[in-house]
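In what follows, chain A forms one complex with chain B and a second complex with chain C.
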Partner chain A sequence: MHIPDGFIPLWQCLIYWIIAIIFLIMAFRWGRKNLNEKNIPLMAVLAAGIFAIMTINIPIPFGSSGHMVGAAMVAIIFMSPWAAVMIIALVLIVEGLVFGDGGITTMGANLINMGVCGGFVGYYTWKALYKPYKGSDGVVAGSGILSKWWSIGVASWLAIFLSAILAALELGWAGTFPLGLGLLFMGGYHAMIGIFEAIITVIVISSLEKIRPDLLSWNKLKRAEADNPNSDNPEVPSK
Partner chain B sequence: MNRKNRNLLIGGVIVALILGVLSPFIASTNPDGLESSAEHLNPNAMQNPGYWHAPFENYKIPFLGNSPLAGIVALVIGILLALGLAYILTEILKRRGNTEN
Partner chain C sequence: MSAEGQLYRLERESMKESILHSLDGRVKLIVLIFIIIYAVYTTNILILALIEIYLILLILLSHLSLKSSFIKILLIIPFGGSIAILQPFVHSGTIIYSLPLGIHITSQGLIFGALLISRLIVTLTCIVLLSSLSPMQEVAESFRKLGLPRDFSMIFSLFIRFLFMFYDELQRIRNAQITRNFDIFNKKTAYMWRLRQVAYTIAMMFLRSYERGESVYLSMLSRGYSDQSRIYNAKNKEIGKNEYFFILTTLLVIICLQIFVMFLIPKTGFFNLSIL
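== the complex of A and B ==
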């Protein structure tokens, strides 16, 4: 889904860059408040893992392929879309500058699509479908429309799908793709790629829950959540 | 860094490196979703305007030719770069956060 140089006029790239930088500054602000000895190694490992897994394209029907992005996964693990913005930005910088994967002029648009849209859609979809809370016995449980794993799967699928839709809108505005067909092709391909994203996201988060449940932010919810399991704003301790 | 976090870091990097080593062998060479869309809708858009020449274009080390090793070395460099950059950035942000507090 990395938009290369030349797909978007430079003046539009500039607009996307400005928006992306604003989100990046907000992500850094989140980082200053929430990063600590415990979650820094996880952030670093996720950046390395996402870079690696982004290089593994899986074949999909109609002669195409796709790879995982991981923004929803990071946002759900940290219960913050800002974590996804930060990690995807780092990965995009390495991919674009060192490996020529994704353009330099289009890096702002790519961060908006994969990091911002992926992270925010992934996190808020998951939150809308499933609400973790800590019961009075101290055990973390959840309530919602879907189970924990289905909600994570659906959220990560939608994150990829809507990221692709946003990219198609940008390319439609740029005049690179006709809008209707662009939406159809990008949406169609990424609806298939999203299934792969959903499966890997569920596998990674469920593995992390088995190995290091203390690293998942929903396991660090304050006890106060027990009284209000439907709260929209579960507080995650920052330190 | 405590033992649990060190183990997470080492384990995570090993998994990432395994993925990196396997990638040149298992990754599909089919165009991705965006490239496939461009092939159908606007093939001319695929011409690179050449604003930037990445040192390891297409995830290959140029002087190692087209061998799988060229891809593996490139990916290992990329994994370590992503890891290092993320570690440095998050550590700086954490320290700045501590200073503010």
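== the complex of A and C ==
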């Protein structure tokens, strides 16, 4: 999914860079407000993990490459799409500058596809499907059409699928290859890769929930509940 | 080569000593990014070939192996190269050869494909050169010095430290799995079971790395580390005459190439390989 240098004209790259920088500034603002000594190492570890996941690439004939992204996972763990924008930006810088995966001029476009689209689609799809709400006692539960884990799976799949579609649209607009074929190949491959991404995202988040629930942002409210012995919410058990 | 092996080998190469290795990280970063932008801007294949020759000279000057540099480029090319190779078949233009099933090869597609491949080679040579000249921590420090927000550069710096730790943890987990005869490609076990093991491996890798990273980070904080901290490095120095010489030489090369494109090629008509 990483678009290499030279595949998009410079003037289009500039447009993508401007949009990406606006999102990055917003992400920095979010970081300054929300990150503490517990979140900072988590963010760095997640960036390292996503970097490792992204290195598993599959060449695609009419697209660039196929791989997992992890933006939805980050956005759901932190309960913020800005976290995904920040982490994917870090990963893209190292991938682009050290490993030549992606590009420098196309980094803006890649950040929009994977960080912005992946993070926002992943987070808001999960939110729409699970509908997490804060009860009167401060506990977060879901009232959506899907359970917590199914909603995470669907959100992860949709995030990677739409990111790939966006990359195909950008390459089509650049005139690098026909839009129809691009959509078919990029969409088709990533619809399959999305299934793996969904399964792995669900297992990773459920493992975190079991072993280190304090790392998941939605549990911060639960912790407040645990401190309160009078709480008796039946939907979400306290730790 | 695995990403892990590549990571360690790149770091070893970037520790070598040469005139280019000793340059300030910011200068290497800016100059090579500038070359990449110019390579994307130009539409002349001959100019791209001349830039590549300049980059090869820089590789030789850095005492880097030309062979291993090109092997690295060849390993990265397939991902973008697949698009370029297909251009003669998908780009509209003058048909120069027809294949069965209505597939045509066009001259415009052929030239456009060659341009994409040439750009890819030049930009990847720049990246391979940069990564072989600057350790990753130097790249992070250069970004900090160039004005990247402090909290973001702190996460960037930690991310690079954790990257190596992450791969170490992954290797430990892999070794543990091998000793228990776990094989992801073993079809005697159920596919979903194998997939679940991969996901558990990723989860364990996250958790173990996080726990180690958390304790390291808290130790750093307890010793006064903050986003305002500056790590002492014996190589920390101001931009000197070597840096200015490198910048000026590269600028001169680019300006000469642009003059060649703008004035000499249209007049002589030779080497007119411009497209678009």
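The rule is short, and it goes like this: the second predicted complex is superposed on the first by the 202 of 239 C-alpha atoms of A that agree within 3 Å, B and C clash if a C-alpha of one lies under 4 Å from a C-alpha of the other, contacts with A are read in each partner's own complex, and residues count from 1 in each chain.
The rule we apply is simple: contacts are C-beta pairs under 8 Å (C-beta built on N, C-alpha and C of every residue); 3 or more make two chains touch, one makes a residue touch a chain.
Computed from a prediction, not measured in an experiment: that's the story for all the values here.
For the composite obtained by superposing both complexes on chain A, the positions of chain B and chain C are in clash.
Of the two partner chains placed around the shared chain by superposition, neither chain B nor chain C is touched by A:G172. When the two complexes are overlaid on their common chain A, residue A:I203 makes contact with chain C while staying clear of chain B.
Judged by the touch definition given at the top, the superposed model places A:I193 against chain B, while chain C stays out of reach. In the superposed model, A:A164 makes contact with chain B only, not with chain C. After overlaying the two complexes on the shared chain, residue contacts for A:C13 are found with chain C alone; chain B is out of touch. Of the two partner chains placed around the shared chain by superposition, neither chain B nor chain C is touched by A:G144.
Once chain A of one complex is fitted onto chain A of the other, the partner contacts of A:G96 extend to both chain B and chain C. Taking the listed stretches 42-50, 96-104 or 204-212 of chain C in turn, the superposition on chain A shows a clash with chain B for 204-212 alone. Within chain A, the residues touching chain B in one complex and chain C in the other are 2, 4-7, 28, 31-32, 35, 37-38, 40-49, 51-53, 55, 57, 59-60, 62-65, 86, 90, 93-94, 96-101, 103-105, 176-178, 181, 212, 215.
Only residues 1-2, 4-6, 8-9, 12-13, 15-17, 19-20, 22-23, 26-38, 40-42, 45-59, 74-75, 77-87, 89-91, 93-94, 96-97, 100 of chain B touch chain A when the two sit together in their complex. Against chain C, in their complex, chain A makes its touches with residues 2, 4-7, 10, 13, 28, 31-32, 35, 37-38, 40-49, 51-53, 55, 57, 59-65, 86, 90, 93-94, 96-101, 103-105, 171, 176-178, 181, 196, 199-200, 202-204, 207-208, 211-212, 215. For chain C in complex with chain A, the residues that touch the partner chain are 3, 6, 10, 29, 33, 36-37, 39-41, 72-73, 76, 78-80, 82-83, 86-87, 90, 115-116, 119-120, 123-124, 127-128, 130-131, 136, 139, 143, 149, 151-152, 154-156, 158-163, 165-167, 170, 195-196, 198-200, 202-207, 209-210, 213-214, 216-218, 221.
The part of chain A that touches chain B in the complex is made up of residues 1-7, 28, 31-38, 40-53, 55-60, 62-67, 86-87, 90-91, 93-101, 103-105, 164, 167-168, 176-178, 181-182, 185-186, 189-190, 193, 212, 215.
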